[in-house]
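Note that the chains take the letters A, B, C and D in the order they are written out, and that residue 1 is the start of every chain.
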Amino acid sequence: MSNKSLEGLKILEMTEAWAGPVCASLMGDMGADVIKIESFPRHSLTRPTSPRYATMPGEGPVYERDALHHQGNRNKRNMAIDIRKESGKEIFKKLLLDADVFIEGYAAGKIEKLGFGWQDVQKINPNITMISIAGWGLEGPYKNMVTLGAGLDATTGHLSLRGYPQGDFVDTHPNFHSDATGSSTIFFAALTALLQRKKEKKGTFIDLSQWEGLVWQFPAILAEWTMNKRIPERLGNNDPHIVPHGVYRTIEEDKWIVVAAEDDNQWQGLCEVIGKIEWTDLMHQYSNIVGRIKGRTEIDAAIESFTKQYDGFTAAEILQNNHVIASPVVTPPDVLLSNQLHERDWHQTVNHKWTGPIMVGGHLWNVEPDTLSWDIPTALVGQHNEEILTELGFDHDYISALYANGTIGNHYEN
Amino acid sequence: MTQPLNGLKIIEIGGTVSVSAAGKKFSDFGANVIKIEPPSVSDVRKIAPFPDDIFHIDKGAVHLAFDTSKRSIVIDHLTNSGKEIIQRLGKDADLIIMDIPVTEAQDLINIFKDGDNLLTNVVTITPHGMTGPYKDRVENDLTLFGWSTRSHRHSIAGREPLRYGPYAGVVQIGSTAAAVGMAAVWSKRNEGMNRLVDVSGVEALMGNVDSGFFLWAVNGALQPRSAGQSSGLYPSGAYKCKDGYMLFSAGRDPVYSRLCNAIGRPDLATDKRFTDPEEKPKNFEIFKKILEDWLATRTKYEAFDELQEQGVMCCPVLDASELENDPQSVYRKSYITRNQDGIGDITIAGPPFRMNGLYSDAWESKPAPNLSEHTTEILQEHGYGTQEIIALFRAGVTT
Amino acid sequence: MVQPLNDMCVIEISDSIAGSACTKTFSDYGARVIKVEPFSGNKIRRMPPFKEDIPDINGGAYHLSFDTGKESVIIDYSSNSGLEILDRLYQLSDLVIFDTEVEKTKKLRNIINGNNYPSTVSITPHGMSGPFKDRLENDMSILAWTTRMYRNSMENMSPLRNAPGSTLVQIGHTAAAVAVGIYWGQKQDKIRRDAEVAGVEAVLGNVDTGFVSWIFTGNLPERIGGQLKTRYPTGIYPCKDGHVILSANEEPWFSRLCNAIGHPEILQDSRFIEDRENNWQAFMEYLGPYLEKHDKNYIFTHLQEHGVMVAPVLNASDLLDDPQAKARKSFVKIDSAIGEHYLAGAPFHLNKINDESFKLKSAPKLGAHTNMLLNELGYTKEEIIALFRAKITG
Amino acid sequence: MTSQLLKGINVLEIAEVWAGPFGCSLMGDLGADVIKVESYPRKSETRNAGDPKLDPRVAEGEGPIYERINTHHHGNRNKRNLALDIRTPEGREVLTRLIKWGDILVESFSAGTIDRLGYGWDTVREINERITMLSLAGWGQEGPYLGRIMFGVGFDAMAGHSLIRGYQNGTPEEMIPILHSDATVPLTWIVAVLGSLIERERSGKGSYIDLAQIEDLAWQFPGIISEWKMNNRVASPVANSDPSIVPHGCYKSAGEDSWINIAAETDSQWESLVTMMGHSEWAELKHPWSSIIGRIDSRADINSHINQFTKDYDSFDLADKLQAQGIIAAPVLSPPDPLMSPQLHDRNWFQIIDHPYIPERLLGGFLWKIEPDPPSWDQRAALVGENNDEILMQLGFSSDDILQMRKKEVIGDSYDEATR
């Protein structure tokens, strides 16, 4: 981990799915020592025991080959502990002693039952920051409810805005926006607490409701209601104030391109490209924003007849060269066609015991002078049991015993 | 009651001191004046003084005084969408006055042309006019004044020429545009004919009276860049008195003889030293001493009363603190103080002329608008829909 | 209690929503955030909705929500005089967030040198280098690069974006994370760092994109809209008074659901054990009637009692009345430029819910703090008016 | 044929010096029919001169001095002239008919005089209820200063303008008297009278307009009163400087008593300026002067550097060079200099006037250009009484009446040079 911003911080991650694990990886990216405490013997959510849609074909345990797991677990060490066992609790207590941050993702109340609620944890280490990231938070009527990101998307009103204008909700694809943004929220929360610790000289407990972490991101949804008593309608890709602003067909079957012209200059550039220069003549109604809003259909048609002659990358190139907002609607394989990403060496090639060398998506950010690197590929279950336990001062025999009595492990039963 | 210019629709574009001064002539007498301001912020709003020296876009003294009774809308006139708005606002206007660079002005004139036919009256204000080699030059109040020959004329030989008070030049240019603009309005109402008027700042100043060039052109004689007190045709200029200065214009008869009587020296009225044109310049110092001795025992207001009693042309020289309290200003309410939202009391000059009675309501000065205060209202008036108005705002065409 | 970030000063120089969203979190937890804006105001001020649909540079919903507690100063940094002010401003601050075109950002970053200057984060659509670095993008066109629009839509229908603005918010939010990271780093090791966040990379490199899955499997995501009919039930299902969203296609949730709706027999039914992907219709004969019978809140409560992952689909009008939101005071009423106004509250709670660490203060009027700040930076009255007069400040 | 904007408006002028007469010429430029009723037998103010050898206002040449005075020529183009003694019964009859004829009556006597002459507003509107009467007394028609007299120079002093002109740290004695009100009052009163004619469309009646020249100056100087009311400061002379802008001033150029104005209001103008001066480093970010702040702190330094730079250049050439770089710069013109401006020639601004008593010269042109009907100088300043007969006939007097009037010196076409 060549970036050293968070060097010296020790992070314990006891979370599943995405929001928590990704946050821990981001901390790892920046030099923190991150230990993932993985569920054992129950395999964690992102480690299926039988192949499914995101499983890479090949040798080795299925649970080491799932894309959803690999997406959120780089740059951390891995311990698989059964903390229901006293012997497991004992190990975890030791880990807590000199940790700075403990992130847990159980449903509300569960962690208390395991004996690691904030009351217990702060007794063990008064300086630690503990973050609980239950979907609806630890307090309130929903505290016991369970959900994935998709449920939060639905209850924040976001889902009500996505989707085709004339379509039905059942056509709207669930998404996991709370996972994609939650990791940053947790990251920020952890460091906020650590900065607080500098002043108050004691640890902090953070109740992070992923629902609350998501809902502030959609001010317009609430404001339309509180300001104007309107329930915002589904707009699809349209914008009520910007024409053109949409997605258009390209020459390739079911491949698309985004085109938008937000002001008169971009409009000028667009009209030059699609051969409608007369539409910029001051006397033409489309030369101004107000006129264009009235002509949405005709304008969209004209743009599509242009974009349909090219593939998305080429059309975007042509339009961008004339200062028009345009981008291909990228499919997963298309990502590898972006000169930009290659030129910036964004993709990372990692060599993993069971996936072999693969090219995966890179970091969320660059930092200079000490740049980021992908030092630890997604760790295997319990890969660092011995290493960490030794650091904690347990001897070899004891460690073998722990394996023997199932306190720790390095593989899951299928 | 109706003000004389009720029913007139005037559009001013550019936000300069000149165009604001021009618009004020119309707005305070009842015209519907729409002030179109650029997104880059109107110059007139940037000019000090400000209350407590804290700048504020809505609190500059010149803006508060010149933009009275107007409505403010911000439009980016460089974009097509902005031009479309201006076209809608302007096509039923009686007059459009603009003070923007020549090329921009030409663009805006074109949107009001239907072939050769002009849809409304347009007055352009530019430093050097819409044509000629200098048309694109950048000038300001100081340099325009330098062009007018007045700096040179009204300053002392060998020392740097002086301008008048700040903005005196550009305000006069604005008044010039207002005068001809008003004539264009009159003509449009009578014969329905629209005109394109090109006001060049340099020509407006140079072509007016008090321009050294005109006087020189007639007689070819260069008047000397004399000091304030003329030593040839005296007393003319400011003379010290007990508590300040008196300004005289009493070099010629009959005023000169009246002065001599008023200061108790009728003899001087016929004294060759001061009446013979050959002699008079040589004896300036002598006369100056006599006059100053007399003034030394009197305050400027005492002297003013005594001398004017005898018909002597003279005036006290006043500073800002004295203006409001001058007996005449008090009597005529030449300065009015009123409350302006967000500032409190402000004081501005009253009407430039009184129509049908000293305090008639032909003139009414309503508070100057905050930047963009009426954008939405004006767009609605001209038929723009709610979402269209938001779209224009989002694109930065309006603010 | 003092707010956790109260001794921190952040400069925001932003042309989009991303920059504002980035510094909002700093500001709400106590940091002093100074928003450097052009005369026309940050673009975020022009984002609707507006109260009664009347545009107001100080009253836009995004501005009111994302600029909470900040200071607003108008500086034209295209001029040397403007840069001179920025230079003084930088030295007052701990962190600078840029969200402008690449060339502009480089220019503004160049006057930063030496470790007594703050660390910086630069937000751009495609990064500070590479052939696309100067491209124009917006919220939707960036999302298109991330494979999400393609995935979140139906075959042969146009790909779909998320809620307007949400992509830029995610990018800004990502920048906030790295920003606080390098701020911590500089506090520890006194090393000044420059971070850059490229919008496309920040979203594409995050979860919920199809890219990594494809790398692993070579399978394209099925563009099948809301309901996955092979591995069900997952997605959005109509019920008596609206819709609910289910994630119960996998164990243990599938069994829980079958029990909860009173059809444990499904679990023994060979159609669903051997040939599940072809029997969605058959399954709906069990689930359908249950959903039609009940309203979304009952389903939510009832199924959750059985530990099924389900949630009601809510719209704007439901949010303020949501029991959980009420109990946690998830929405806060504050005074703003448009009067009383509701905003979302703390994204996370330190120590206890509604403690003092998070405070929402109203968003600043355009240029409201210019004069105060120039005083603080040591300019005299005359100099301040001169800067205003020269259209460098406002 | 001049502009026709005001065609059909009849203007009756009983005014002297500039504020009244020049405005009437402007209305003449715009197509109004203007009749100047000139004082007779007393010479009007602008026809008075001392010994032509000594009085610089008189153009050399043959003919009566009172026809050769520049101040008179400046305010009297495009109007007809009737020299009339309105103190006589016949004169009053003529004036009464003129009032019936007129839409606008412009008088600039000191307050009260016109009433004493028997032509106060009440009388005038009895004669013609559609006429608008404009009075231009310096302090207006009412108030304690009724009857006092002064030229524009005095109003400038009393409006607070004089004390903010002048050199920094100079004495008031140095302040050159100026006639700013004479230049600006006409511009205001044209708006006033045309406004009253628009009002007449509604009311059917003319208006009385009381214009106090000092009040028309007052509105033009909001800074003076505001400095006092807002910040309790008495503004002091700033000469050519601007508190917020450096450089902003008047600099020495090559040639005797020759000057150039230069201002750099923006950083880019400053950069262009110092680059021309060979000191581009003064615009580099490191240099304090690259910022308006640094420049304000070094005003004196910078001004002396610029003086060093300008002193060797001709002011017109240097202005060309600076303007080519987008810098605000202009020569400071002495009265003859306008003839050196290619701009004014290109726009055909100058006018050649053929006048019997002054040599052919290029005179200054109009305040504005108008399309499609540009103003033209159809009538040079008329000689005293030049149009007597024509006007009186138009008013319905017989040639016999006119003969009588001339006999009784009710009208005339020459002055006695000796008298005032």
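Remarks
To be clear about the criterion, a residue touches a chain if its C-beta (ideal position, glycine included) is under 8 Å from a C-beta of that chain, and two chains touch if they have at least 3 such contacts.
None of these values were measured; they are calculated from a predicted model.
Chains making contact with chain A as well as with chain C: B. If each chain is reduced to the centroid of its CA atoms, chain C and chain D end up 64 Å from each other.
For this pair, chain B with chain C, the centres built from the Cα atoms lie 53 Å apart.
A separation of 12 Å divides the Cα centre of chain B from that of chain D.
Shown for chain B are the residues that touch two or more other chains, namely 47-48, 50, 53, 387, 390, 394, 396. Counting partner chains per residue, chain D has residues 243-244, 265 touching two or more of them.
Annotation for chain A: residues touching 2 or more other chains are 241, 262.
Taken together, the chains touch in the following pairs: A-B, A-C, B-C, B-D, C-D.
Chain B makes touch with chain C in their complex at residues 39-41, 46-48, 50, 53-55, 57, 372, 375-376, 386-387, 389-390, 393-394, 396, 398-399.
By the touch criterion given at the top, residues 79-81, 83-84, 111, 379, 382-383, 385-387, 389-392 of chain C touch chain D in their complex.
Those residues of chain D that touch chain C in the complex are listed here as 243-245, 265-268, 271, 283, 285, 290-294, 296.
Every residue of chain B that touches chain A in the complex is listed here, in rising order: 79-81, 83-84, 110-111, 384, 387-388, 390-392, 394-397. Residues of chain C touching chain B in their complex: 39-41, 43, 46-48, 50, 53-55, 57, 367, 371, 381, 384-385, 388-389, 391, 393-394.
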